[in-house]
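Two complexes, one shared chain (chain A), two partners (chain B, chain C).
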Partner chain A sequence: MSLPVGALPLEAAPIPAFVALFAPAVAALVLAAAPALRRRGAPASWVTLTASLLATAAAVTLLVTQLREGGSHVWMASWLQINGAGVGDFGVRLDGVSATMLLVVCVVATCVQVFSLGYMHDEKPPAFGRYFAYHALFLFSMNLLVLAPDLLQLFAGWELVGATSYLLIGFYYQKPSAGQAALKAFWITKLADMGFLMALMVLYKTTGTFRWDAAVTAATATTVSGLLFFAVVGKSAQFPLHIWLPDAMEGPTPVSALLHAATMVAAGVFLIVRANPLFAHAPATRDVMLLVGSGTALFAACLALVQTDIKKVLAYSTCSQLGYMVAALGAGSVFGGFFHLATHAFFKALLFLAAGSVIHAVHSNELADMGGLRRRMPVTATTFIIGAMSLAGIPGLAGFFSKDLVLASVEGRYGWVPFGALMATAFLTAFYMGRVVFLAFFGEARGHAGHAHESGGSLLVPLLVLTVPSVALGWVAAPLAHLSGATYELHLVGVVPILAASLGLGGFALAWVVYGRGTLVVSALAPLERLVATRAVNRVYEVGYRRVLLVVADVLGWIDRYLIDGLMNFLGWSAVAGGRALRRVQTGNAQDYVFAVVLGAIALAAWGLLP
Partner chain B sequence: MTLSTSILLAAAMFSVGVYGLLTRRHAVAILLSVELMANAANLSFVAFSHFRGGATGQLFALFALAITVAEVAVGLALVLLLYRTYGDTRTDAAKELRG
Partner chain C sequence: MIAALLPVIVAAPAVAALILLAIPSRYAIATRVVSMAGATVSFAGSVLAAVHYDRHVGGLQMPFDLPLIPSLGVHLSLAIDGWGVSLVLLTGVIIFAAVLASFTVQRRDKEFFIYLLVLVSGVFGVFVCQDLLIFFLFYEIAVLPMYLLIGIWGSSNVVPEAGPFRFVWKIFDVGGREYAAMKLTVMLLLGSAAILVSIFVLYQGAGATTFNLGVLGAVPYARTTQIIVFPLLWMGFGSLGGVFPFHTWSPDGHAAAPTAVSMLHAGVLMKLGAFGVIRIGMMLLPVGAAYWAPTVGAVAVVNILYGAMCAMSQKDLKYIVAYSSVSHMGVVMLGAATLNATGWNGAIFQMFAHGVMTALLFSLVGLVYERAHTRIIAKMGGFGTIMPGVATFFTLAMLSSLGLPGTAGFAAELMVFLGAWHGSHAWWTIPAILGAFVTAIYVLRASRAIFWGPGPSEHFHDLYDARGVEWAAPIVLAVAIVVFGVWPRLLLDLIDPATIEYLRDFASAIVRQP
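Coming up: the complex of A and B.
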């Protein structure tokens, strides 16, 4: 067996890597194979939670090892060989990026699962068990993706997280809207995944491997990276394929926190970080990424301004922040994108879980049913506000550092247009987060909010745990950068950080004036609300589907039915008709056959006698 | 008697055999016709052997006669089975291969 250059045999890989990968896999298999256990509910949650804690411990061990020893290691075993060369490899790649990402995924997943213990408590035991079985499968898939040594294994994890996303969005399958949202998410990401599949084909055709560091020509790099970016646009909800993410909020709130904010949607960004050797050779793709990313950031931030559903605000905010990451990667700052991914994973998971705590208390997603919750739910309110400030880039908190890095990376590109868009987004982000904070936690209680009370321990502990990295992660940027092979210098004094910080504070201040004190009505938002109400992008898809796709499908269907099937049917019919005509010859009377033999003999004789 | 008259006789016997084979419906009569055709061939073997010299043709005729005996035994067994199956010895009865 020949392994790629620099790869070690799989059995030599460190034990924690196997634990991180297979503890959730075993949990998922056990829960899938033992329905009796799964349907009892609570035991299933303990199986999944044990696996997640083991995986987290393993991830901590791996990160510590990585911090101490550094370097990049690949362990592989091939499961498909062509001419003695491994084509399909299964393996583990450990370096600064994957070790960091693994820890982020495991910590957020564990927090979300603990939160779910309380949040999903009212579900019937079978549904509760099913929920935790999906979570175990998700964690395995995500770790498979994170530890992937090549694009093929990453693709396997990519598809598996897509499948678990579908299962978890449609968790409340009795609700038609949840089923539709799950299908929509599945189809749109699947459409984008075709890009990934084609990228794999092109890469294998030209280089004979699925490795992202294969030597490629500039043209191949552009093609492959472009196709991969198409997949990223779908997975990471970039314009114009972002439309599935707001609908995905139909899933349970902890799912939104884990899959549709912190980890799965960030897999697209992670893919670009991983495949950076390819993207580095494709300046054209990176230019597109810069424009799409900054455009999505601004566009989604505008949509977030007028959402009335607290989860939808956060969903559009996720689109917007993913746009930041994509823009940073497009500008060539790999660490900027990756660092924002890590900080965003923590503070957005925190925001979603805090929102879940609120929803759990007031039994509504609508901001109109909240208000004044600061006094009734002090812990939830405090953690949500910290998360919001981190997201808005208030100095000192994690979001400030990563956002600063992103903004600095796009400085001066394309006549400052992406920079301007991202700066405007920073302001809008602070404004819409301020709006949520002031509408939900300040002012007078509306609806059931007057009867709300603080959530229990299993909901609050994850919030408190996630608050720590949301605040402090920025201060360890330098060692993280060093792990990823980049350098980071903290610069607090400069045009970019001061401008970003003042825009963030300004956004909050404006939100306070508008929604806190109510002394100013922003009439500019009214047309935006009307614009959002038209659901323009969705309408484009609907019209495109009905007017274009269905018509093309009808034409192709007609050709298939009448021309291609017609030809085949004619061939079949002619064989049947020919047989029907020829069967008359077969009388079954032995003497008729003899007569044919005699005729044949005479014919042969006549032929022989001819000159 | 010359070679040509012998061959003509053999040809006539063969033709009568073919005619019988094609026209008779009774299985035994068909067997008889087949015998006639076989013996026409034997006759021409013997005739060639007699007028051209050499014993090979006559040996062949004897050999063929022996085989014909076996063939008749098989043929009569078939006739018997035909009768047992269809209660009739006419070949029209067995038409199951009709398409």
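Coming up: the complex of A and C.
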């Protein structure tokens, strides 16, 4: 079996790669193996945080090396042994894509963990420790995914982040709604993951490896990429498998920031970037991606308009932005999708954490319980507004640059339909973010909002740290593009950027008119609200689960217990009954036996005499 | 010393049982110490065997031979290969954990340990025996104590079943431990009868001089013979391996059995069945196996999906775990039916993975049942607040059950699916993968129903987390799940050489056949 160019034994991998991969793993193992430590709470958080800081430092080192030296390097060992040969690669692959993604993941994770120190402070020590143990496991799983040298390891990380997501959504396991949300998230993504598993099968059968850069025919590339994209639809919450993401907001807010906005849900997009050699040979899959991505972007943005829960607005916004990325990748702009992933990770994590800071202060998720918070929580308000502006694509901020790339990539495709959808989404995005900003931070204080106080240091520092890339990341697009093997040219003047920027500003302006000053009432939203209230998409899944799957299971269970097992019981019973019936033959009377003998003799004679 | 390792592993539990006979039953501690010693010797021996097995040389190692009936060619012939090492290691882990989990047995504990240890000697014997008749002898030693273990120490009528068939169930005393013990034994003995007939056919066909497996494997039996005898072995061993439709003893048997017995039974004994199908059925009758492989695979797929769906409809916790065993044993049989290296590696690895995972599940179910005094899931809820440790281990076992990477279940299922997709009947893979998805639904649903939700109702007043020695079994088994899940090559490097060798013999037998 030929190794990819530059493949080296795993032991030779650079130390920072090991640190990034195994520091969180060691932290997770320590916390799993030392319950006494974990249950004391605070020490557990320090273990996890140390590991995250180490991983971040390692990621910085790796990225710097990558910037200086470039190229891609693979260090690995075989994970399975079949028919005398190693199968499946376990190891690290360092190149521009993985080094960038690794740093994004580690920085956001560390910020979120610091934020959690304050946010989760009121939890009981065992719960606090458990929370940080999950975080260590998550960071390991995510780094496993990011550094994967082949699709098998990527799948392992993929499943593990899914499992940690299940554990973290269900962190408040005593709340029935959290339990439901955790299961729903796991089931929907697991359903999609069957596609990933099938893709592995097909790839292994045709190439004997799990590598995305193996030479394949166009047909295989289409099959494999199509199956992989099915998994992406689940993980990255694209229509129609998006339904788990809004429910996943049942988890603690920092978890929503890390897993369900910045990193885990973006793993789907990362997979497409990684497996680009396969997707590049599959134009059919890319067309589907373009349509699903742009459709989801518009659909989710519409749903975000009418949410009353601040986290749900952000959740639908995440779906929508992931749709942008998928659309860009579908249009063939790998760097466009990847760059939007990176900027989105920062500004969406910022938005979620700032929302967490608000929720922490007002003890409610509902926008109706907020208002006027900009005076009481100036830092939170400022950072949230910066994040919102970045998301809305206000010129100069990170989101503007990446969104511009996405929009430029879909220009002219399919009779401008995806372009139109994404442009409309840009406007709606600005509008719904404006709505949140004006409802939460401006106007009169409602509910507990009048007694809100600015959060403490551990909550504010991560916000400030995340603000930096949310503002400035756009200006380093060129070196990042270079790392990913793409080229990037800044063009501020053109139809697309000017149109997008004016739509963004227009959306904010309209939101100000409607929700800031209240001089205009948008009646168009009322039917949308009614439509959302029907939960039509969710209904389909509920019917499939309750009315089909569980009923079929009950029928089969009944068949097994009563028919199949009934047959076994019947056989047993007939043996007993048969014996009982035959027992009557043994009467003990000599006359009866003689009679039987005579009868037998006659019968034999008759048989013998017959012709 | 290494030469005598296999007899020591096999005999240690039986010797411990003999010593127990001499200890008055009032010495509860001595009973446990002796049992633990027997289990530990076997466990340590199995680890030693795994370490000492030379994977570069491969083949059968550490031979031990003792002629028993020379005139008939019956030898007590023990030797071990890579498959054997894996399964002996599995048995070692599980008996160690099972004895620890039985420390709380109160009633007639001495007899309990005696039967348990005798049973395990039989299991070890099957995995290392190279003589067909003695193989069968060990097989029976492993199966028969089950009757007493369930009949005496089992639990009765814990399944209040309503519905139109209630009166029929009353007639059969369904749910009773005597019923379960009887059903299990009768069904398995029917299987044994089929096996015994096949053994004589094979012995006669080879000239009636030897029972040696290696010699018998080289005998080219007539094609018709193979096609007729293979199904007998498949169904005979398959009835213990949970092959549809002979699986119905399993839910009742596992539900009625005491904790340690469920652990051993689902963890190890069901593997004897699958091992028998592969090691005896497929290796001695390759042409028959190749002929029947499509059927074996199709039935295995039924096992996987149908077992999973049945598990989903169960209301009793032990029934869920039992049906999940039926489903997971289907994965083993599917791997066997692929007739390729990937699938066979997967099958043997799945035996190990499912063994530790299901033993862990049953040990935890036992803990929950002891405290909650019910196994009806609908009555539970919120136990995680009171027993976080049990909940954690339970979650791990459930995640392994649904094939999460990093647990042993993933590597096993992956290889079986890859093998099946590679094999001549690729369509098998689709329902098998769907079965894995259904597993994700029912295991997490059960886990949530038991441990999640608002704190337990006041009805459960004496719930508490695992204590003291109760932690031992879950920890041992959980470590095995994670270690072999993270780095499956620890076992695969042993399994693979044996697979290559068996597969080579298998292929050449197919080619040789006229």
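Convention: the second predicted complex is superposed on the first by the 533 of 611 C-alpha atoms of A that agree within 3 Å, B and C clash if a C-alpha of one lies under 4 Å from a C-alpha of the other, contacts with A are read in each partner's own complex, and residues count from 1 in each chain.
We adopt the following convention: a residue touches a chain if its C-beta (ideal position, glycine included) is under 8 Å from a C-beta of that chain, and two chains touch if they have at least 3 such contacts.
Small disclaimer: the values here were computed from a predicted structure and weren't measured.
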{"item": "Which of chain B and chain C A:583 touches, first, second, both or neither", "value": "first"}
{"item": "Which of chain B and chain C A:201 touches, first, second, both or neither", "value": "second"}
{"item": "Partner chain(s) touched by A:595 [first = chain B, second = chain C, both, neither]", "value": "first"}
{"item": "Partner touching more residues of chain A, whether chain B or chain C", "value": "C"}
{"item": "First (chain B), second (chain C), both or neither touched by A:78", "value": "second"}
{"item": "First, second, both or neither for A:176, with chain B first and chain C second", "value": "second"}
{"item": "List of chain C residues in touch with chain A within their complex", "value": "165, 168, 171-172, 174, 183, 186-187, 245, 248-249, 252, 306, 309-310, 312-314, 341-342, 345, 382, 384-385, 388-389, 395, 399, 402, 404-406, 410-411, 414-415, 417-418, 421-422, 429, 433-434, 436-438, 440-442, 444-445, 448, 451-455, 487-489, 492-493, 496-497, 499-500"}
{"item": "Residues of chain A that touch chain B when the two form their complex", "value": "582-591, 594-595, 598"}
{"item": "Of all residues in chain B, those that touch chain A in their complex", "value": "18, 21-22, 25, 30, 91-92, 94-99"}
{"item": "Touching residues (chain side chain A, partner chain C) in the complex", "value": "35, 78-84, 126, 155-157, 159-160, 163, 166-167, 170, 173-176, 179, 182-183, 186-187, 190-191, 194, 197-198, 200-202, 204-205, 549-550, 552-554, 556-558, 560, 562, 564-569, 572-573"}
